[in-house]
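Please read through the structure below; I'll follow up with questions.
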Amino acid sequence: MAKFTRRYNRKRIGLSPGSIDHITTSSENYSISAYCYGEDILEKKELVNPSDLEKLLSSKKGSVWININGLNTSIVDQICSSYKIHPLFVEDILHLGQRPKLEEGENYLFLVLNMINFDTIKDEVIHEQVSIIFNQEFIISFQELEGDVFDPVRLRLEAGKGKIRKSGTDYLAYALLDVIVDRFYLVLEQLGNKIEMLEEKVLDDPSIELLYEINRLKRDFILLRKNIWPLREVLNSLMNNDMTIVSAHTRVFIKDVYDHTIQVMDSIDTYREMLSSILDIYMSSISNRQNDVMKTLTIIATIFIPLTFLVGVYGMNFRVMPELDWEYGYYTVWGIMIIVGLSLLLYFKRKNWM
Amino acid sequence: MAKFTRRYNRKRIGLSPGSIDHITTSSENYSISAYCYGEDILEKKELVNPSDLEKLLSSKKGSVWININGLNTSIVDQICSSYKIHPLFVEDILHLGQRPKLEEGENYLFLVLNMINFDTIKDEVIHEQVSIIFNQEFIISFQELEGDVFDPVRLRLEAGKGKIRKSGTDYLAYALLDVIVDRFYLVLEQLGNKIEMLEEKVLDDPSIELLYEINRLKRDFILLRKNIWPLREVLNSLMNNDMTIVSAHTRVFIKDVYDHTIQVMDSIDTYREMLSSILDIYMSSISNRQNDVMKTLTIIATIFIPLTFLVGVYGMNFRVMPELDWEYGYYTVWGIMIIVGLSLLLYFKRKNWM
Amino acid sequence: MAKFTRRYNRKRIGLSPGSIDHITTSSENYSISAYCYGEDILEKKELVNPSDLEKLLSSKKGSVWININGLNTSIVDQICSSYKIHPLFVEDILHLGQRPKLEEGENYLFLVLNMINFDTIKDEVIHEQVSIIFNQEFIISFQELEGDVFDPVRLRLEAGKGKIRKSGTDYLAYALLDVIVDRFYLVLEQLGNKIEMLEEKVLDDPSIELLYEINRLKRDFILLRKNIWPLREVLNSLMNNDMTIVSAHTRVFIKDVYDHTIQVMDSIDTYREMLSSILDIYMSSISNRQNDVMKTLTIIATIFIPLTFLVGVYGMNFRVMPELDWEYGYYTVWGIMIIVGLSLLLYFKRKNWM
Amino acid sequence: MAKFTRRYNRKRIGLSPGSIDHITTSSENYSISAYCYGEDILEKKELVNPSDLEKLLSSKKGSVWININGLNTSIVDQICSSYKIHPLFVEDILHLGQRPKLEEGENYLFLVLNMINFDTIKDEVIHEQVSIIFNQEFIISFQELEGDVFDPVRLRLEAGKGKIRKSGTDYLAYALLDVIVDRFYLVLEQLGNKIEMLEEKVLDDPSIELLYEINRLKRDFILLRKNIWPLREVLNSLMNNDMTIVSAHTRVFIKDVYDHTIQVMDSIDTYREMLSSILDIYMSSISNRQNDVMKTLTIIATIFIPLTFLVGVYGMNFRVMPELDWEYGYYTVWGIMIIVGLSLLLYFKRKNWM
Amino acid sequence: MAKFTRRYNRKRIGLSPGSIDHITTSSENYSISAYCYGEDILEKKELVNPSDLEKLLSSKKGSVWININGLNTSIVDQICSSYKIHPLFVEDILHLGQRPKLEEGENYLFLVLNMINFDTIKDEVIHEQVSIIFNQEFIISFQELEGDVFDPVRLRLEAGKGKIRKSGTDYLAYALLDVIVDRFYLVLEQLGNKIEMLEEKVLDDPSIELLYEINRLKRDFILLRKNIWPLREVLNSLMNNDMTIVSAHTRVFIKDVYDHTIQVMDSIDTYREMLSSILDIYMSSISNRQNDVMKTLTIIATIFIPLTFLVGVYGMNFRVMPELDWEYGYYTVWGIMIIVGLSLLLYFKRKNWM
């Protein structure tokens, strides 16, 4: 639950906005990498501290991509101030739990996004905040956690194939967004597998744990939906905003990513419908079992209660009970009881209770 | 389930867009047919490979319709590149699982659609992706699977009756769209029959299999809805876009197809309401049966438990029990028991439990 | 169910649009009546075939209203072609199951509507397709079935009272629409009566037939809603379209009909809410009865099972059982049993189970 | 139920619009009062028939407010025709069951509204139709029933305090609307009290009558909602229409009434949510009681059935049954039975069933 | 419940608007504090009565912030009239239960808001009405209750850090709004904790009190939603209105608060979904327990009823019953009974009932 409210703690309330003194997290593990690239050039550097960055940039040719893994407060602060990023945006980068959004800075665009992932060990969906700042000259990406998510983009950049080296930073921004949206497909696949497993289990073993599982999955889909929905809006604004930072050429590609988010939303809706079907079947299965129990009780009780009454009759101690003295009285009673029992069994069979 | 996520596999993530190296399917079975037609001419050719196509086209008169059955990667690629189709659209043609959409190319319109069908053998709704590219001069259609879906259009073309030969490629595009939307009616009819069968079964035999069936149908309707909804949008854009590719004359016909999609959506909604009615009755029928079981148990138990008590009384071995020595004690007890039993039966009758 | 899909049969698919060779119905029973009317004139004629019509029209003064009862293909075709109606509209007139809509022809307006009615014998809502074509000079109405629905309009026309003779064909079109919308009130009244009957029955006799009845009514309201909703849109377009066919004077009256459709929709919503209330009560009533059964069983079993145990104790054959030899043992046991039984009864009373 | 369809009866269908021959109600009890008022003047007159009105008006100074209590057909007709009100509006005034709406006449505004009230004797929400016609010179209000609803406005008018005498007829119209919207608060308060009573009863006595009560309240809120919703639209149009009848000064006050309708809608929504909570608790409470019954049965049966079996064993008549001859056999059996009984009780206690 | 209707009491209805004679509350405990501040100056004063205020203001330099704690009618009236606030706004300040809204006065903006808080002692969410009036020169805030909510703003003002002293009154207004929105996070955190507690309890102890708790929380979230929704609209208007009172510089910050309200709404939705999950599990848990009860009954009854029948058989007193005379008859019967009992137990085990 912490996820929903993690942005705020009591101490922060009333703080001056843009103040980064009391942010919630500051990772000590961070890494900075910088790429200077163009159609013919590619320079890559792992940096230890931001001051090295300035050296690199002074001699820069082509476009620059700086990627920061791990949100160290002072590092983020230094880089942002050297690029004159608005303090509110710096605050957004550092405070986790942002809603995806696109903001226009003075001469740059600022994006906050949530990248999702499926942690197969903990068996749960995890979120990671990614911020991207770019204009025609540079692109800076901040990742909450260390990770190799952007590796495919790096590979394409280093291989120099495709359009990525020839196109500007806006195209690189598109490439990063594409990778982030593609993550949703992977997570959907994992959750889809879980749903299939639930579908199989629901009839065989409708335990209350299954209900928990169903509800956990439901919540996962709600979270996915909450993340993809504003992401779609972000992409829509990117496609339609009138700043010159995003070229017409790149907008076509962003439209493609946008289509993917709609597809993801469709899938999410379908999965949610499937979950509610499973819930229906779960409920029905439970009530079916209850019915089974009831039927068993009814069959046994309905057969033996009358018979017990009958043997009770001949257990009475009346002085005058002619049947007791009959030669075949005992056997007659057995006969009657067998007939009664069998007819009841037949009746239940006919009623489809057995 | 594969359907919802089939577009993406891990390897693809991060690939350069428009690259067709790693598409999900490439059919080896394909066929290409080409029609050159006009008011007075009709030339038809089955092609083995795309190069034959160019020969044909060089001598072309009138409009050209090329139909490709089976999505072979290289074939699609060749044809598209000879018509200068945007790489992203080629990717869309080849990657299955697209959401229906209309895109404007430089001088052509690009449509991706899902054609549905009811596989009576597998007893399920199947989807097939159809892509259409057209401008005033040519129209190219790509079908995922071999099939005779467009045969009615071919027949009309060959017969030369109606407007189809006199009108341009936009009218042919309309004819194809009309055929695709008509498919929905056929599938709705099949599903409608299934619903009627369910309606009959739900009272007689409310098994849990029926619930599965209901949920499968529900899902089918969700899928239909997910396909018809964007199709409606596509038709709406075709009707209202301001490119000159679609003539005013054809727009009237497209409006007609558009009306059909709305009718289909209405029917889908009605069927869904019917399904939820059936679900209501199913639940009620289940609980009715449970009630029947309970009533049987109650009637039997309520009659015999007091009687068993009574015979138990006279089975006691007290030394002093005057009734036991009465001449007609035994018969009196029987009399009492019959009276008690009958009055209980009457009581249940009056309560409407029998 | 046929209603939802009746428009299409397999053979039609792929047919040239506007072709009327394969329409679903062609009534042999038809009648044509024509009115030529103006402020001072009124000529009425029953026609046998459309050619008579032309004679009549050649000498026409004032406005013309032609009403066709029964959809005979060739008749409809002749009339429409003499008025140059677009083939797609002719197809719409002849194919039943249209969604209400308003289309603009070259110099006329085309309306398709569904008139509803309550068949008191079959006890169900029936639908009839009505098409109206009009411009400033003529108005043509097509009814699917023979009927006297438009009689009130005829009477007013013949009586010459009110504005109907003085106003143009657009006012007559309004008059017909008014009659059609008024039908909804009649049907709502019938369905309202049925709901009241259900409300009374639901507590006394909550059988599964009642559930069927509730669901049938629900479906009726869904159908009504599906018909009134597009009708409202049609009226809205009539009110706001910018063609000169509908005069400002008539628009005020159409606004009045439009208000009625909104009132009808309100009533439909209210009835639907009432139905779902009845369903709630039905469910509750069923579960109440089940509860009654359970309570009866519990009371009887809970009283007699302990007593049966007690008499069982003194039915044991132990050699040493001092109570058996007591003078008043038997009576004491009876005393104990009566006390136990009464206290249990009291307990149930206090628990409100009796 | 009559309320929803009361506007129409069979005879009316097809009547000429605006004809007032066949209206549904014509009250014989009516009263007409007229106020001529301005900043310094106030003349008040109770009129017997409309002709007196003209006398009064000929000498009029300042604004005029005519209020008619009770809808007498001929009176309404006379007054409206002397002010040249459109016949359709006259029809609306006289036919009850109108949906609230605002219409623009030639040089006046026409409002139909529903005033609600809570009849504490019949314990139900009642509706009364109020129509208001006004321009800069006069305001006419028609009330369906005799009543003192507008008394507060009269008092303010007579007292001459506040802005009411200084402002024009549009301000008086506002004052009437304000009174009508305030009624909703009163009714909400009454219904709120009922909900609180239901909340208390639902746990103690969840009878089926309570369910009826809940459903009746639900319906009341639906009706309120259906009345406040179009009223809000009416106020919105009043605020934003571009006629000069409503002055900018008055629009600020109408905005205030508009805000109240939104508040009323908020409250209605909240109450409806509360009702559905109560329904949840009702259902739960019912099932709780059923559970109680079941537990009682289970406890008694589960304890005594095994014991009865045991005493049955020693009631058998086998020749050889060593236990029967033991000195303490009888006491041993009692011991065993007490131990079994107590352990079962303990088990139930631990399971939290007692 | 009083909360929803507290604005109106019978006496008020029909009162002249803007009259403050009959307001619902007038607190005797009030305090007035005034700040005159600028980049270099800060004067603070606690006032006893409003006349002192004028003295202070006559000598004012920089911006002025007047904060009134406790809504004393005459105080509010005096202050507002000295600033020429519209009487309707004064009424809004004094009447509690307003819906959050933004109104434009002649040369000022008027805001009514609801501040929420979690009363940990009463364990409930409480609401407090806050009104803010500001233009470029002054800002006046009215709080319903005494409280230290604005203390963080006061501290920042006194510390002189950040932008608060350098920016104008619009920035101060933003700071107050920020504090108010931040409160929602705190309350969400509290309610989130409660939900977590419910989640733990729902399986262990699904009592009906828990259901009450769930429904109370549901209602709390509805109230939160009802408060945050119009607040969002207010912020949106502040951001986008075209008055010059709010500077472009401040609008960026208001956008930030606006984003927070969207985040709050997201969290509320998520929590509501969680609550409905908990309700599902509650229902399931209840039915699970019922099932447990049923199973216990069925197992015991199904085992012992047949056995009791068997011992009943040998308790009969027939003269001829050969088994009774067998040497090992008694032991054979025990053997049979043990076998029957064990096989039934096995059967239940296999059916997963134990």
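Side notes on the structure shown:
Read from first to last, the chains carry the letters A, B, C, D and E; within each, the first residue is number 1.
Convention: contacts are C-beta pairs under 8 Å (C-beta built on N, C-alpha and C of every residue); 3 or more make two chains touch, one makes a residue touch a chain.
Predicted model, so just to flag it, every value in this text is computed and none were measured.
Touch-path distance (fewest steps) from chain A to chain E is 1. Homomeric contact chain B/chain C: same residue numbering on both sides for under half of the interface positions. Superposition of chain D on chain E using C-alpha atoms only gives a rotation of 70 degrees, nearest 5.
Chain centres here are Cα averages; for chain A and chain B they lie 27 Å apart. Centre-to-centre separation of chain A and chain D, using mean CA positions: 44 Å. Along chain D, residues 287, 290, 294, 297, 301, 305, 308, 312, 315-317, 321 each make contact with two or more other chains. Interchain contacts close the chains into one ring where each touches exactly two others, per the touch definition above. The chains touch one another to form a ring, and the order obtained by going from chain A toward chain E and onward is A, E, D, C, B. Listed in rising order, the residues of chain B touching chain A in the complex are 1, 4-5, 7-8, 10, 12-17, 19, 86, 88, 97-99, 101, 208, 211-212, 215, 218-219, 222-223, 226, 279, 283, 286-287, 289-290, 292-294, 296-297, 300-301, 304-305, 307-308, 311-312, 314-317, 321, 323-330, 333.
In the complex of the two chains, the chain B residues touching chain C come out as 151-153, 155-156, 161-164, 175, 178-179, 182-183, 185-186, 188-189, 192, 195-196, 203, 252-253, 256, 259, 262-263, 266-267, 269-271, 273-274, 277, 280-281, 284-285, 287-288, 290-291, 294-295, 297-298, 301-302, 305-306, 308-309, 312-313, 315-321, 351, 353.
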